[in-house]
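Working notes for the structure below.
Chain naming follows the written order as A, B and C, and within any one chain the residues start at number 1.
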Amino acid sequence: MTFGNILIILAKGAGYTILVTLAGIGAGLAVGLLIAVLQTTKVKAVQLLLAAYTFVFRSIPLLVLLFIVFFGLPGMGIRIPPFLSMVLCLGLVSGAYLAEIFRGAMAAVSRDEITAAEAMGMKRVQIFFYIIWPQMFRMAVPGMVNEFTSVLKYTPFAYTVGIPEIMKEAMSLAALTLRGLEIYLAVGIIYYLIYKAFVLLFETLEKRFRIPGLAGE
Amino acid sequence: MDAFVQDLIHYSPQILAGLKNTLLLMAIMSVTGIAGGIGLFYLSLAQNRFLRRGTERFISFFIGTPLLVHLFLMYYGLPPLGIRLSAFAVAVIGFTINVSAYNARYLMTAYNGLDKTQIEAARAQGFRFFQIFRLIILPQALRLSVPSLTNQVIQNLKDTSVAFLIQYPDFFAQMQEIASTNFQFFKTYVAAGLVYLALVSVIVAAARRLERKVALPGLETLGRA
Amino acid sequence: MALIDVQDLIKRFDGKEVLKGVTMSLSEGQSKVVMGASGCGKSTLLKCLNLLVSPTSGRIIFKGEDITRPDMDIHRLRQDIGFVFQHFALYTHLTVEENITLGLRKIKKMKTAAAREKAAFELERVGMIEHRNKYPAHLSGGQKQRAAIVRALAMDPAVLFLDEPTSALDPQMSREVVTVINKLYLDNITMLCVTHDPFLAKYISDSIVFMHEGVVVAEDVAERLFYEHEDPRVRQFYLSVIDHR
């Protein structure tokens, strides 16, 4: 078996890796945006609750969270399938980080522009959609790319709950062939390629939508 | 008393030993990670173009690939070649490289934000590059990166839990073992989560103090991300 | 009947009384300038009039209805009042043209083509048409403020509020903007403008309202107010702003 063969065999698991990553990113964006928007309300209790949420999910290791959800919850009568467990955990954790990134970016939107939009007669929702979000997303790009990279790099944990992504494939293959060095090297290369592809995609998107006077930090 | 609490008390020597291993690993990689990060940062500013490029590739590779892969590569990949490293050694080496890459990134970002005329001025005064690096660049870049570097320490603590997957007897490994004997998976893992929460709180408090201490006028960091 | 009629307007910010019973009015086609020392409540007055700040008490009649009543539709009110800010407040992520068409499309529900046509027409009037595809970051201060004025005017408001429209500009750019506002004045656009600039005040107003510590203390045409007014505070103020130039 050549190194090329190994790469090809493992690349099959890459489909799952990418799927888990994208689903995790999607869940994280949903959670992060929701929190960022809720944080703009002035209700003290809500603010406190959200601060607690971000603190908790930025403090507990993802692996521990995954074990709580996948191995712990069934004992409480809640059974969540492996893929969903993984995506849920990724979403909860990256959502907490993304919320902070969005909050920072939102705070950077000029107060004057929001007042101008209010003075024009725009409603709160309109101000969010037309003024705040387009600027926030652009300014949040570097932070978002970092966070998405983290999600990608957490995906190997999926093997612990039995999802057949790259890492699981690699482990079976290594047990069979005893050529762990080449196999894990191949895993590293595949991950790096996926990472590079993600970064390239984002750089292209960022360039495509770039606006003078509005860049990430 | 609750049976679960009794369990925890019964296993407390084991838990504490695990906690010690976790904190030890975190402390080591936090220190070696800073040292390695500074080294990589220095290389990334090298005159030699190939060295610079190589360093950037190196950093990018280790940021772009999962830590677990590096650990598995050393732990399961080397023995067939006759190289047998302990789980501890693998963890220290793997984490050091990984954390160094991140820290180097933070320092580079801070460097890019520095006023470069200072470097011109230092060169005009006759300083050599290494002196400029040590006396002008590094003190400022380190200060500006304090929030990122302390965030990385928190990340380090959390990442130690990964070492359990290569049989390093860290805190989480102990909790996992307890869970598989008393079958109280939920309670045990939540308890583990709470311990991490408490440890992170301590680090955050310490980090806040450090940030205030190292702040210089004109070099305030812009809060944490 | 006046377009805007303010009676005994009071505004307190947590206990601090900033407006202490302002009474004034503005008729359709009329242009007034509000002057007075920094911190006397000019901006607060403008913001109360379009409910960006909610008044503590008093009555504000706009087009015959009391806008301080609780069930007032503030969004509809604000559409009827154009607002120009000291620091331009152009939307950073939109081009000049998009800054102008955004309100037309999303608030006035105009079709894109019609909105662009309207924007082009208005930009032409202030000599900004060739800049319509630029982003705010690429404009000079004077160009930004002209774009901001167009953005407000394009909504066809009943009245245009300007809060120190030239204060953030150097004299050269300030001149550009004064010229534009003067043109609006000659076109009988209804305006209420806060400024410290006696030059601007003179060229764009029918009369000047002078405020001091939260109340209107005088109102007259520029010449009489500055040179002949019996209240020494008013003459003093004029001398001080003249000195600053």
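The rule is short, and it goes like this: a contact is a pair of C-beta atoms (placed from the backbone, for glycine too) under 8 Å apart; a residue touches a chain by one contact, two chains touch by 3 or more.
Just so you know, these numbers come straight off a predicted model, no measurement behind them.
Touching chain B and chain C at once are the following chains: A.
Each chain gets a centre from its C-alpha atoms; the one nearest the centre of all protein C-alpha atoms is A.
Averaged C-alpha coordinates give centres for chain B and chain C that are 55 Å from one another. Centroid to centroid, with C-alpha atoms defining each point, chain A and chain B lie 20 Å apart. Averaged Cα coordinates give chain A a centre that lies 46 Å from the centre of chain C.
Contact of a single residue of chain A with at least two other chains is seen at no position.
Contact residues on chain C toward chain A in their complex (touch as defined above): 50, 52, 74-79, 81, 83, 85, 87-93, 102-103, 106-107, 135-138, 148, 151-152, 155. The residues of chain B lying in touch with chain A in their complex are 61, 63-70, 72-73, 76-81, 154, 158-159, 161-162, 164-165, 172, 176, 179, 183-190, 192-193, 196-197, 200-201, 225.
Of all the residues in chain A, the ones that touch chain B in their complex are 55-56, 58-65, 67-68, 71-76, 100-101, 104, 143, 149, 152-157, 160, 167, 170-171, 174, 178-185, 187-188, 191-192, 195-196, 199.
Within the complex formed with chain C, the residues of chain A that make contact are 110, 112-113, 115-123, 126, 130-131, 134-135, 138, 211-214.
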